[in-house]
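Please go over the structures that come below.
Two complexes follow with chain A in common, the first pairing it with chain B and the second with chain C.
Let's look at the complex of A and B:
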């Protein structure tokens, strides 16, 4: 029996197009969950700048909590694991997939299920939040482009919810 | 929707991002095996359950992930204030 891991996409490979917004599966990413009491020690250990304020992003790294960060880099990237140091570097690359919403109406499709006021998010803002009943990490990449990291097993539901919301936009 | 101030995010967020986690300031006994059954029952199950001002734990589960404490009125459901875990009762 072949012992090879095969990655399958949990949502359609083709982007879904609607007036004002497209919804597509993003490219696979390398992702790490990073925990540390001391952001400076973490920055030194992994050789990456660490954003200091919850919601801020810096070079693919988002500050999600007072001692928690999410680092997203292109697939294949690697970082030091900080062995022996009082911090935690956990590879969670395959736990989530990214859905990318692009277009003027992307904010309206997201607002159909997210209780936050998305118009207040500055470009570069990242947050863990909720869409309907599904936890997501939402990143505003530009005025019109949004990245939604969602756990792989929730992706088919989120895809259906977002494309349904987008199809109802008037 | 109720809006709740998270003392860690220092931001006001919709209640859907939060989870209730019971009465606050209940310290786990240092030596549980020294307790009588009645004392252990009191620690595990017996709560103040006030009508009105209540110190209670919440978790910003779909946000920063942190537990914190809040003072909420159990009659009006109004949040009076929130404060970080570990701070004295308010």
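Let's look at the complex of A and C:
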């Protein structure tokens, strides 16, 4: 991939800090949308363990649906495309950016617009959900750290929505 | 402080003094006062004018049920809120509250002429009188009626406040923090459940706030609850709606009670999903219906007790009670024991509990049983009452300055009804009580019928010897509905409460009949001689009390109203001074004006630059779908009208997508990247719709196909370079791709790098010129764009926007789906026969293309139009007629779909859908314009430039 210095991002590079939560642009990632009827065939084709239940994450790979996975690896990683096999590997590295929320109140900032009960969202769990009207993939990295993948053009809206919500936390 | 403030036995002892104004006049109250209690403490009983008759009105209640004392509050800077109940407004230093629906003043209101003429304005009056002439309604009747009959003024300035919003989840949500709600919270909290206790008032306690005997218990209980980590207490929070699956909407008021709100949000919208809901909304006391029951100073007995004990305010110095229920006696005893003078206790019942009589005797109170108040004297305030025995005998008058009404209690079943819980009639309560639940919800305390207020009787209207036709005995105070109006509705044939409600407006508007529904039902029941249950009950709907639009919108205002999607190149276009236009949720650069240029000049320059040199265009917003799997070609062959299976990897094809009905829904150029991988493009606005449609077919019609769809719209930034000099511009930047025409023909795709960034390079054209579309990962889009821009300087590269793109494609007759088609255009209508695979066994929409009306002659077909006056640019959407001399209304045979000035051709061009258009080639058609002038144009093929396509293949 080209020089990282020429990348542009749709949200500020500086983290936004609030009492109890910081909101920051995550590092660039290699991302793939993976589709297959048979998880074992997929695992074999791409050489990566495949989580079996929806919501589970395994080595950067999240199971989002019965035949759908999201693989997030460090920038520059590559996997086989599985040509000719009954599966689909599509590079979506730059389709989304990651916003990382960190802090005790991150859960409250997210709850401002996400209808899921995040208190029951286990560490290591991932799901596709919404924040207000915007689709996101939400991953709980730790008790206090959350990753939010959002399509690039919706990121400024989400950034404004999350920072607004965080600024209202009492 | 004033004579109305009682020194002891109230919750505001020792509270700080607060200065506020009402109608500009300064007053003092105590911290903790409502506007209602503070005004009462200052001897102010006149607080509003009624909706229809402009009658002087005072307080009826002390809580959410208040129908009369509606006020406006101005917090400055455009922060104006009308129609607040004075009982629900907390006073604070500097509060600026104003009365409503009066002119010039609350005391002297010209509109009160309506009251004098009231006998001429019965229910249904407006509907009957202002029917004719019909044209007068909009210009005269409605504006006049609206001016006269109304509530507060709508605010005229944009709301400068910000609002907060959140979702929340709990195991048990308790609505109402009176004794029953607090008990429920204590019980639920013991089980470690996550408990929310919310209450609309500023202070938790509900009815207990008006009962000094419970104050010790209340303080202890609230202390216990506040200590528990699993309990969230939300005062000043109104649960306004109960929706499916225990979803409750509530609004928390954050700053309205503060003298200086600072920069925090004014209100917060809580969207709560609860495992179990416990409703503890209490009950609302029922007024009694008798003449003069709306004179300021006539109020509910329970409210008087609240003003006494909670706020330390005596509602009068010589108070009369009109009761049909025991609870009023107890309220009056409380007042008497606090030293308030009592004029009389009147009770309709011939006999009451001897204990009540004994207590009255002990307090030395005059009692008149089997009697009713039949009139109230005083206009702006009560000065006395007239009493008669139930048979009309023994009429006499008594002086008093307040009248308390005790007509029994109505359980608050509002939220229960929102949840679609069943209601059952209770003779004992004379009201509907919760029956079978529809959600995981239960009612506790008074709202569930589990509270003892004593006993009583329920009557529609108190007996009176006066002529009922001349009485003004109010049932619905907020809507100015009298018992007479209900009787009239019934005489005119209304039998169901739904009809009575709509005819009289009883129970309508913001308070939804909190104090009037049951009395209206009793009146209808008596008049119709049918049981109350047979009359029905109107439905409560959210919101329980009025809420601000700001709170309901939450964060969704200004930049957060909805997302504005921007491409990775948007910032460059903005810096270049581009003018933008919205396309679906995207904003796209429409044109790039240079100093002094209008759109016309800019677009002409951009068009010529593309035709003669090279233009650069941001096409990133085009929808993109990656179709992958062994059956990818088979899938596309079924979706699109044209054949896809034989398309070789590295080649592109125009795809036309129909709906099942055979009409064009989208189009786009797609490329085969590999035997099992296609890169589809869709229109900008159609991206999500096309993906949904394809997923729908895949999942429901052809689940056997091994193919998957992934949206890649945002994976790639797309830079379109168009014009004869395109190749020279990109040649130095591209590696790994042979750009020569032989190696890389029109409608092909190659992979390589540009400026060191991996690219899918398409050789395609939507302009008719040699063109490339550079797809690069979005994060590198701006970088590549800038490199191409630099490289293009030597060739006069020109940025162009969507407007120029539209002109250039129209010169070539390329359609824009949604502009030249409107959902009723088939491929044949659009002249796209060549894009329909005649030999294909099937594709989406194929069967519909054989329907009789699709193959019938005379359908509207897409043609070109050349105006006889080459300088005349037709208006898009203009109607077309064959004969301009025909009589009006003329037969319109089509309309202009696209129309532009073509700088390339030095004349105007247009496309149009015209009935039988293909057979009209060379005909002259007529296009009337709004100015009155009729333009003429010749029908031509919609191909105005380079028909042989030589420029494409250069």
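The definition used in the following text is that the second predicted complex is superposed on the first by the 164 of 170 C-alpha atoms of A that agree within 3 Å, B and C clash if a C-alpha of one lies under 4 Å from a C-alpha of the other, contacts with A are read in each partner's own complex, and residues count from 1 in each chain.
Everything that follows uses one rule, which is that a contact is a pair of C-beta atoms (placed from the backbone, for glycine too) under 8 Å apart; a residue touches a chain by one contact, two chains touch by 3 or more.
The structure presented is a predicted model; accordingly, all values stated were derived computationally and were not measured.
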Task: First, second, both or neither for A:152, with chain B first and chain C second - done: second
Open item on the list: In the overlaid three-chain picture, which partner chain does A:88 touch, first (chain B) or second (chain C), both, or neither?
Closed with: second
Open item on the list: I want to verify the contact counts: of chain B and chain C, which reaches more residues of chain A?
Closed with: C
- [ ] Return first, second, both or neither, reflecting whether A:168 touches chain B, chain C, both chains, or no partner chain.
- [x] second
TODO: Tell me which partner A:115 touches in the superposition: chain B (first), chain C (second), both or neither.
DONE: both
Open item on the list: Looking at A:14, would you say it contacts chain B, chain C, both, or neither? Reply first, second, both or neither.
Closed with: neither
Open item on the list: I'd like to check the shared interface: which positions of chain A are touched by both chain B and chain C across the two complexes?
Closed with: 115-116
- [ ] Using the touch rule from the top, collect the residues of chain C that touch chain A in their complex.
- [x] 162, 164-169, 194, 264-265, 268, 271, 273, 555-556, 559-560, 562-568, 571, 586, 626, 628-630, 674-677, 706-708, 710-716, 755-758, 777-783
TODO: Using the touch definition up top, name the residues of chain A that touch chain C in the complex.
DONE: 1-3, 6-10, 28, 33, 35, 37, 67, 81, 83-96, 108, 111-117, 119-120, 132-134, 151-154, 156-157, 160-161, 164-165, 168, 170
Task: Contact set on chain A toward chain B in their complex - done: 54-55, 64-66, 68, 115-116, 127-130, 135
Task: In the complex, chain B residues that touch chain A - done: 1, 8-11, 13-14, 16-17, 62-66
